[in-house]
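Notes for the one structure printed next.
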Amino acid sequence: MTATALREQRSAYYRQLQTRGLSPLWEALHNLVPKEPRPQAVAAIWKYAEIRDLVMEAGSLISAEEAVRRVLVLENPGLPGKSSITSTLYAGLQLILPGELAPSHRHTQSALRFIVEGRGAWTAVNGERTTMHPGDFIITPSWTWHDHGNPTIEEGGEPVVWLDGLDIPLIGHLDAGFAETYPEVTQPVLRPEGDSFARFGHNMAPVRHRVTDGTSPVFSYPYERSREALDVLYRNGELDEWDGVKLRYINPATGGWPMPTIATFMQFLPAGFAGKTYRSTDATVYCAVEGAGIARIGAEQFRFDAHDVFVVPSWQPVSLSANSDCVLFSYSDRPVLSALNLLREART
Amino acid sequence: MTATALREQRSAYYRQLQTRGLSPLWEALHNLVPKEPRPQAVAAIWKYAEIRDLVMEAGSLISAEEAVRRVLVLENPGLPGKSSITSTLYAGLQLILPGELAPSHRHTQSALRFIVEGRGAWTAVNGERTTMHPGDFIITPSWTWHDHGNPTIEEGGEPVVWLDGLDIPLIGHLDAGFAETYPEVTQPVLRPEGDSFARFGHNMAPVRHRVTDGTSPVFSYPYERSREALDVLYRNGELDEWDGVKLRYINPATGGWPMPTIATFMQFLPAGFAGKTYRSTDATVYCAVEGAGIARIGAEQFRFDAHDVFVVPSWQPVSLSANSDCVLFSYSDRPVLSALNLLREART
Amino acid sequence: MTATALREQRSAYYRQLQTRGLSPLWEALHNLVPKEPRPQAVAAIWKYAEIRDLVMEAGSLISAEEAVRRVLVLENPGLPGKSSITSTLYAGLQLILPGELAPSHRHTQSALRFIVEGRGAWTAVNGERTTMHPGDFIITPSWTWHDHGNPTIEEGGEPVVWLDGLDIPLIGHLDAGFAETYPEVTQPVLRPEGDSFARFGHNMAPVRHRVTDGTSPVFSYPYERSREALDVLYRNGELDEWDGVKLRYINPATGGWPMPTIATFMQFLPAGFAGKTYRSTDATVYCAVEGAGIARIGAEQFRFDAHDVFVVPSWQPVSLSANSDCVLFSYSDRPVLSALNLLREART
Amino acid sequence: MTATALREQRSAYYRQLQTRGLSPLWEALHNLVPKEPRPQAVAAIWKYAEIRDLVMEAGSLISAEEAVRRVLVLENPGLPGKSSITSTLYAGLQLILPGELAPSHRHTQSALRFIVEGRGAWTAVNGERTTMHPGDFIITPSWTWHDHGNPTIEEGGEPVVWLDGLDIPLIGHLDAGFAETYPEVTQPVLRPEGDSFARFGHNMAPVRHRVTDGTSPVFSYPYERSREALDVLYRNGELDEWDGVKLRYINPATGGWPMPTIATFMQFLPAGFAGKTYRSTDATVYCAVEGAGIARIGAEQFRFDAHDVFVVPSWQPVSLSANSDCVLFSYSDRPVLSALNLLREART
């Protein structure tokens, strides 16, 4: 048979297949099983100085209660219309003004809050409120009621902006999203602030506590303590050629990640640090906390300053340099890759 | 401000957002965080009697070696062009003719083979070949070299068809796919057939075996034994109102799933069984092995016979009835949902 | 002060200490914290040919029911009066005659039965009876009701002798022993023989089974299958220079040990095998099943034949040689040492 | 046969058994398998006021270096000559004077130090020194080099007394003790004080830390923080009818116990607290830190004051009452019982 005849015969066959809900694997195999990851997401940065005004303007265009969550989504240019910053993760900047309440709800999506600016607003989880300060890392685990609020100006409230990190795209891919609205605007306060920290913040735990799922019983990881830990270790001489000084947040009840789908990290890069290149199959979102530096991601280069957010898709080579002493917060889908035995790393 | 003015003001604002890589969450929130799962995949069935000829025809249109894998993909009508049967899983019917070889490769995608018809072909994994018989369940775990072959007609070879189940869409969402081609058509045979079964098939294990990942050291689960287990339990009086007699395949080294991303099951429904309705967040692909029955999925109803394949997307209510003694094999993404604390079930 | 004066002063002080419930550590430290293990148990062998008559004679001196358990304890010569074969383990030979019943009870001590001679007697655990054949390994886990019986001579009963292995001394050291007598001689039979094997004997498990403790849901590990596994592996070329071909019994629901305190093994040594020397901190009791050989333990040497029992205390160097094809069953306290991070091994 | 004849026949048989290393189980069964635990250890108290002088006198009778460890063992009256406070645990009061060094060694026994009085002495573990303060809980895990020291009087040194808790009897029963002496008096200091706390004390962990055993990477649990946690929880309304406010120390890398064989706890009982009765199969050693109260153990009653040590053997009913605000430290063999599935508790 000639090549043309074969091609035509195959085309006819393919049309027939389609009527039966079938398709020929051999025409698609290379795309389905690539040599290495080819993420649609691309490296990108959001300069806080360029978007802060837009964040604040949202405050006059819609109320926290009408919006339910007044958030500007950081949408990856490679994933237009998908409200995603990576294939599995979501990032947004949320604004809450003095006197506002963001009503209580819960969902199977896990969420983190990383405080960017302002102080005094609170998040309530499981009946306990946590006050926010810049640099604090706060979690609202899967299927826990949560609401946010801010004292009035009279009470000392100020506009507060935080970075929201969620696993919305992942839960979407898995068809596992459930959500409910709480019957009232806020959930009742059942325990004083600091209660969960007293239980689990001192390398101790209540004697009858039983671990029932993979989420941390501690909701707040204050910046004050994270920052001090980095500081002590740097002064003690700890400095990795790729990471600088890098810690991961843990669930003190298990030693694992704070939530089953999202890993979180904080790292320190001293002024002048020029990190080596690594890559890994978890996609990572960075938020600069202090200092300025440069992130080289693949062939691109991004200058970052405090409060900027940038993203490194799966398997993209990345190196970090610091022009001044830098602190970086980051989150990724590493627990998912780890649990499914799909985490790969390369350091060069 | 009038509603119109507000709408216009917001539209202008949204356009501005777009230039900065931002989008307003409040316009998308309900879609992103639904009340319950809304899978794009739909319930569907592939009647083997209607597609068998097409499967066989592939044998004359392309060789196993040219195709690499000569497979007709069962593509979910709700996911056109995506080579997926559910949001996370792939299914295909693979044909290998007497005398053919499907060349050796490996990939991070995990694969299962469930033998539909024919006998005598083999799959090689980790240097050990396993001969196929109808109803056998065989695994080729993530990143293991594997190739398939079939003896010549002279040696007694016959056309063999099996159902391939992989986690291709999941690995795609996670941007975690790697693949390599083996330098030769087949990998060397290092161990006689039955070696891994001798090591792990008798509730025993080599004394110095160490568990290093979540994949089973046993590659083949012969139908003969699975069928007998169902039979004994049915005769012993075991019959669940939803499941009939249902067993899951296990990794004998851990008691967990045979592979970290795919669960597999085999169940028996006696003639006249009319199962109750359940739903769960794992999406499941069924392949009938023996008998005939009816699957009610959501508002639809599918009559199945031996070798038919049907799919139940996440959270769709399903009930199973048997017109004659039925055996059903099935696979799902349950280990993923479980590991990430996202598995929900409801039995009614 | 002179040495004598000091000694006297210290003696006076020590007497004073004693009145207050105190003692000086420095006089005892070397004994309490030795350089390496100094077990009181010694290497020893019980030749079955020399004790079989005594075992049988017990049958005429006391009934199974009066004895509750008609067992001759194999008492380590280094642990006189302690009913122990090692510091943590107990071994005994139990005889049950045709028509007898050993009444039902339960205790927190875990027990194994390894059948030495005779067939047709049964053990009941959790409502299921298991028939005994020489070489079978059967468990009666902690706190499960268990009773033993033997058909009458008319029904084909014959005297049956098995080796009992328990963790009695360990549970004694831990002050954790509880026991109860069943209100009737035998527990009711709830499930046909083979039920638990059908559930867990085929690398499958009931879909809704939950692991709640560390004990195996399979009670019987038939010799037929263990022997075949060893045979296949030996023919496949497996032969460790220390162990020959050695498998451990596993709990199929976890991949761990069948019971939380006792490990069990079966190994094959081909005729002419001269094993190298190893030592480990678990103490091991061996029971020869087939063949004859030599066990070198420390400075001693023991010739063993089928049915002989010998013991290797903690950290004693041991090597095994085979005069003819040998099969050895063994059990040890390895799970305890492992769980507490106290297992050490040396192979030389 | 008459009863006398039978008795004589059995006696003759028993003598014969003895010559073969055998003994009749039926004569010993009730002792070997008791209805419930019958510990040889008894409830007891050591009043610090009555023994403090003896502790101090040891300082003039033997140097720390000659003694290796200058410790008075608290020996349970039910276990004379065994240097044990329970069947598995050891307790002792160690004294180190200004300017002294207790030389470096390591052993497989796990050790804890609970500081009773004095401050400024240090323990070194894994190259890091920790300064002691009253109420601090410090660990020297199995097989880690450790040495203790005290600054000279000129440097501000003062006599320091702490309670040593070890698993010496357990390791003895298991024949698993190994020990080595360090070639120099002290091990080199490799890391500044506070280094391990900076790594693991803030609900964070070094990003590349791998868990390799069950021991905590944090060596010191300062009283200041434990005390505050209890205080906050009491003020928040936490008060268990049996325990008061009770926390357990955890290994932050796993959420488990600080060491694989010893559990440690700290609890607060407010003045006037009259606790209910409980019992459990772990044996517990208590050390009062603050306040005075009464411990009812079995039929006995012990009044305790700060620094007193008392012991509750396995399965003895115990209730605790507080005459003034009390803080109690305690340690037990609970991890052993738990790991082996032998932990039972009853609260009445």
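Labels for the chains are A, B, C and D, by order of writing; each one numbers its residues from 1.
Going forward, a residue touches a chain if its C-beta (ideal position, glycine included) is under 8 Å from a C-beta of that chain, and two chains touch if they have at least 3 such contacts.
Nothing here was measured: the structure is a model prediction, and the numbers come from that model.
> I need the common contact partners of chain C and chain D, sorted by label.
none
> Spelling it out: a chain qualifies if it touches chain A and also touches chain D; which chains qualify?
Both-contact set = empty.
> Determine the centre-to-centre distance between chain A and chain C, using the mean Cα coordinates as centres, and give it in whole Å.
Roughly 53 Å separates the two chain centres.
> When the centre of a chain is set as the mean of its C-alpha atoms, what distance in Å lies between chain A and chain B?
31
> So how far apart, in whole Å, are chain B and chain C when each is placed at the average of its C-alpha atoms?
43
> Could you tell me which residues belong to chain D and also touch two or more other chains?
none
> Flag every residue of chain A that touches chain D in the complex, lowest number first.
Where chain A meets chain D, its residues are 191-192, 194-195, 198-208, 211, 216, 218, 221, 225-226, 228-229, 232-233, 236, 238, 240, 243, 246-255, 265-267.
> Could you pull out which chain A residues touch chain B in their complex?
6, 9-10, 13, 16-17, 20-26, 28-29, 32-39, 41, 44, 46, 50-51, 54, 57-58, 61-62, 66-77, 83, 86-88, 90, 92, 107-109, 142, 168-180, 213-215, 260-261, 281, 283, 313-315, 333, 335-337, 339-342, 344
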